[in-house]
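Below is one structure, written out as structure tokens; comments come after it.
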Amino acid sequence: MSEEILRKLALQVRNWGRWGPDDEIGTLNFITPEAIASACALGIPLQREGPQSGTRQRFNPIHTMFRDGGDAPKTPAEVTALQGYGGSDDWIVMPLQCVTQWDSLAHVFYEGQMYNGYDAALVTSSGTAKNSIDKTKSRIVGRGVLLDVARWKGVRALEPGYAITVGDLDATAAAQRVDVRRGDLLLIRTGHMSRYLDRKDWRHFDLDDSPGVSVHTAPWMHAREIAAVASDNYAVEVRPSELPPFRSPFHICSIPNMGLTLGEIFYLEELAEDCAADGRYAFLLVAPPLPVTRGVGTPINPYAIK
Amino acid sequence: MSEEILRKLALQVRNWGRWGPDDEIGTLNFITPEAIASACALGIPLQREGPQSGTRQRFNPIHTMFRDGGDAPKTPAEVTALQGYGGSDDWIVMPLQCVTQWDSLAHVFYEGQMYNGYDAALVTSSGTAKNSIDKTKSRIVGRGVLLDVARWKGVRALEPGYAITVGDLDATAAAQRVDVRRGDLLLIRTGHMSRYLDRKDWRHFDLDDSPGVSVHTAPWMHAREIAAVASDNYAVEVRPSELPPFRSPFHICSIPNMGLTLGEIFYLEELAEDCAADGRYAFLLVAPPLPVTRGVGTPINPYAIK
Amino acid sequence: MSEEILRKLALQVRNWGRWGPDDEIGTLNFITPEAIASACALGIPLQREGPQSGTRQRFNPIHTMFRDGGDAPKTPAEVTALQGYGGSDDWIVMPLQCVTQWDSLAHVFYEGQMYNGYDAALVTSSGTAKNSIDKTKSRIVGRGVLLDVARWKGVRALEPGYAITVGDLDATAAAQRVDVRRGDLLLIRTGHMSRYLDRKDWRHFDLDDSPGVSVHTAPWMHAREIAAVASDNYAVEVRPSELPPFRSPFHICSIPNMGLTLGEIFYLEELAEDCAADGRYAFLLVAPPLPVTRGVGTPINPYAIK
Amino acid sequence: MSEEILRKLALQVRNWGRWGPDDEIGTLNFITPEAIASACALGIPLQREGPQSGTRQRFNPIHTMFRDGGDAPKTPAEVTALQGYGGSDDWIVMPLQCVTQWDSLAHVFYEGQMYNGYDAALVTSSGTAKNSIDKTKSRIVGRGVLLDVARWKGVRALEPGYAITVGDLDATAAAQRVDVRRGDLLLIRTGHMSRYLDRKDWRHFDLDDSPGVSVHTAPWMHAREIAAVASDNYAVEVRPSELPPFRSPFHICSIPNMGLTLGEIFYLEELAEDCAADGRYAFLLVAPPLPVTRGVGTPINPYAIK
């Protein structure tokens, strides 16, 4: 009886084939650009083949199933016993900074302290008592600006080790006819990720030298009062470091001192094409963090919406 | 030498105390409503105290540290050896549907098939070959509409077991003066989550009876061509089931048959207050999935932006 | 060609049905009591239904597959492409003290110190620098002695809250005609686990009151110079505590002060039957830890061998 | 009051310094060779630096803390509130076959079937319904025999790609004056692991060519009715395969057909030294599996006891 009612309803609403035999998104097809905004997604895939080598603790996401097609009920009696036709369920193990991500302000210490002077000892094995990522839960949406430095330089990708200067940033903004304003979420494209996408192999992305911003851009960002900065490389800043033995001097200036949120491993290829095509390098950037209580980072899939 | 240059830069850009001694978000304070849109965040916290009892496999997120303040270098020699002042890094183990989330179209089977007729056997321990959540990577942004059924009924929360009817949906929309359009991302508030928030205890949220939509609303949603539907309960639909022994008949109609993306455990309290205050129940909803390759669900933190 | 050679070899060595149609251990059947020692296994199952409620962080083991039968090659072409007929592979997420286990000497602190006076700060998010479980890698084998206090008392299980005294230990040893010697691995049966096994439900095992040793047995163990002590309850010692507000005073005496290794959640039912049957309460106990570098506990499956 | 009683007891039983200022095993020192058997431990460390490259899904163990020294109570008020002086607790994520391990009889399929003819489809994302490792829970103890083929050949390690023949096994046994009997747990030393231990770098252990048994030793093992075979390489058998395109032909003969339990990545260096020193190549081998319900493998730390 229930079965018949259910089958009748199911067939009544069935949309199989409505968007072709290969469709995999169903009613999301109803969202059309006419009706609403279109978006460029800036998050890389979460999968075993990814940018982490495991060398410095971080590994690529490990995704696995609780239940799959092999566990589905196969007879009417099983369907009844299991209260349905079955389904699938999955889970994941991942570093919070293994893919496209925001660093929280608890991620880097300077002389034993975090941003705003909090003691580094407040970060224990149970997480951080201050500057955790969930504090930014509803805050990471705003005017986004892309500075495509590689394109302005006329190259597919800046050379590994190239330190982007204040002059580069100003010149790129001028060439792209976009201004950087207070409160902006600034995206800087070095082209570095293109190398790995071109070769279809992420290996060594976290270890190789890389173009990135110079530590000397920190005062420029401070003066412009930007809200956050993100890039298409592993660590925003240039590698190798300009100030050895410090591995990440820009991180030290920006996170614990300036309180500047950094975004890393941003996929900017499609957005860069789109901006070049229409000449508009500003947009609405929506990049919600997962509100991990006491967390120090978060995976994200930001949307750039025009 | 490097140390002095770094310290000079660090102090030059330091913002400690700029937003008060208790600030934890730094330069994100530069994002002000005047400059950009404000957002209501719809994601619940990711933490050990959460809605999962573990009874049906899903557990609450387990968050842990690779490195914390106890691992930070303590002497200048350690700072040099470790190439910096140290920092923290964390990781997480979690079911992809343990918090605020989207179900993919591979999540529920009907008679051995998924949406669009794909064989359930395509979901194996390595994930799903069809209808995976990453197919929706850039697609979940659009016009959002909130139907606050509990408020329209004049109650804090609908009773557990109450099945929301087509009449309820139409009447709520009329009372709130909002229309439901093709391509909408529809949010339905039952008030059920308020119970657990009020008692500050998530326990049994996944097990208790719950208000939710009737299976008979499926044709209404089909006719209106909505893109997705989400709610503030565990499973969108009413519990106990209207069609026993099937535990989740609405899921069966919507996911494998209609190809309708479902959102669950949405935190709608602040958004409901905001909509009641300004009388505007439509907004831009941005709810990017994490693009998990072969994944069947994703945790999210959607933003409702006005 | 390879395929034919392989099939010929495979069929030549095939043992299907040799030990009946229901056999699942194959050539391990060749190990017979005549040839070698028989063993009682003291480890409980690693599965989702287990003794951990999740209340104090620990959860039951989460076991999952990388590859399963659904991923196996199905055609000759797939067999060739995947270099074989396929197989299965699995992994686990588990607290190191969630099942039958040894505590390391880094598990409990006393006034900021571990066993032998090491600073508790040596245990950071990357594990412990001192007293880690891998230091005991080859050491946990020796004369085992079972004191079945419940049986001596003539009960199926001691009452929750019952504190086993020095007198109980001495009287049980005398009744069982076994002496406790220097270097022994001492097993104490309270019968508490029987309750949960009888009801086939582990729930609340970690939360309920429990019989267990009195804190005042610590000097007795110290004087006898035993090597380790283990029991069939959650924490060896009685609950509730005899010295509130301290939750685990025997732990404090034994682990950081005495340096006594504790074993918990030991399955002693079969061993107790065996000892009662033959009147021999001493045996070879082999309980190898997993040598987790910097670890503070380990799951085990000890063997008692006569 | 409780505090004073506890302190008095604690100091009474304190063993700090008893075995020197560097001791980390406490009362396990009471287990002396005079009192009991000594053991060689055959398990490798569980740590991030290990034999898994991640290339074929398996990764090295990821060990992490719930609680550490940074979380310990620091004031008397905190000690009271937390009901003790605190401690540490840890957990692990690991493939069940990532370190020294047993394969279960569900690990490899042949033409869609497992050992004893069970259907490979019985292994789903929730584990295996047949031939799971917990079926061997109390069975893996018996007469162990080491055949140190590398030593017999007079080399530190056999060359990668060298296939150990039946002749090699017989000659080694004869030279070592040990016979292989029905029910034996046979350990074969290739010396391959020595290479990685010598260079203190596990990398590529799972990928490199390796010495190992020839597929043509399977009938020899079958005839001798051994119970299990283990080796100090990654997969017992030689790599590259003698029967391409099949990657692991010996696995196919032994696991699904013969029902022979295989042990891999055994640390045999100390045991080989010990056997060479006393000329005794037979011993008691105790290698308890973790009884993972529905599991297809298990990490182990076997003890060879003389």
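A few notes on this one:
Letters A, B, C and D mark the chains in the order given here, with residues in each chain numbered from 1 onward.
We adopt the following convention: a residue touches a chain if its C-beta (ideal position, glycine included) is under 8 Å from a C-beta of that chain, and two chains touch if they have at least 3 such contacts.
Computed from a predicted structure; not experimentally measured.
The minimum number of touch steps linking chain B to chain D comes to 1. Because chain A and chain C carry the same sequence, their contact can be compared by residue number, and over half of the numbers here are used by both. A separation of 40 Å divides the Cα centre of chain A from that of chain D. Averaged Cα coordinates give chain A a centre that lies 43 Å from the centre of chain C. Chain C and chain D have Cα centroids separated by 17 Å.
In chain C, the residues that touch at least two other chains are 57, 62, 64-70, 91, 93, 121, 123-126. If touching chains are joined by edges, the resulting network of the protein chains shown connects every chain directly with every other. Touching chain B in their complex are the following residues of chain D: 62, 64-66, 68-70, 91, 93, 124-125.
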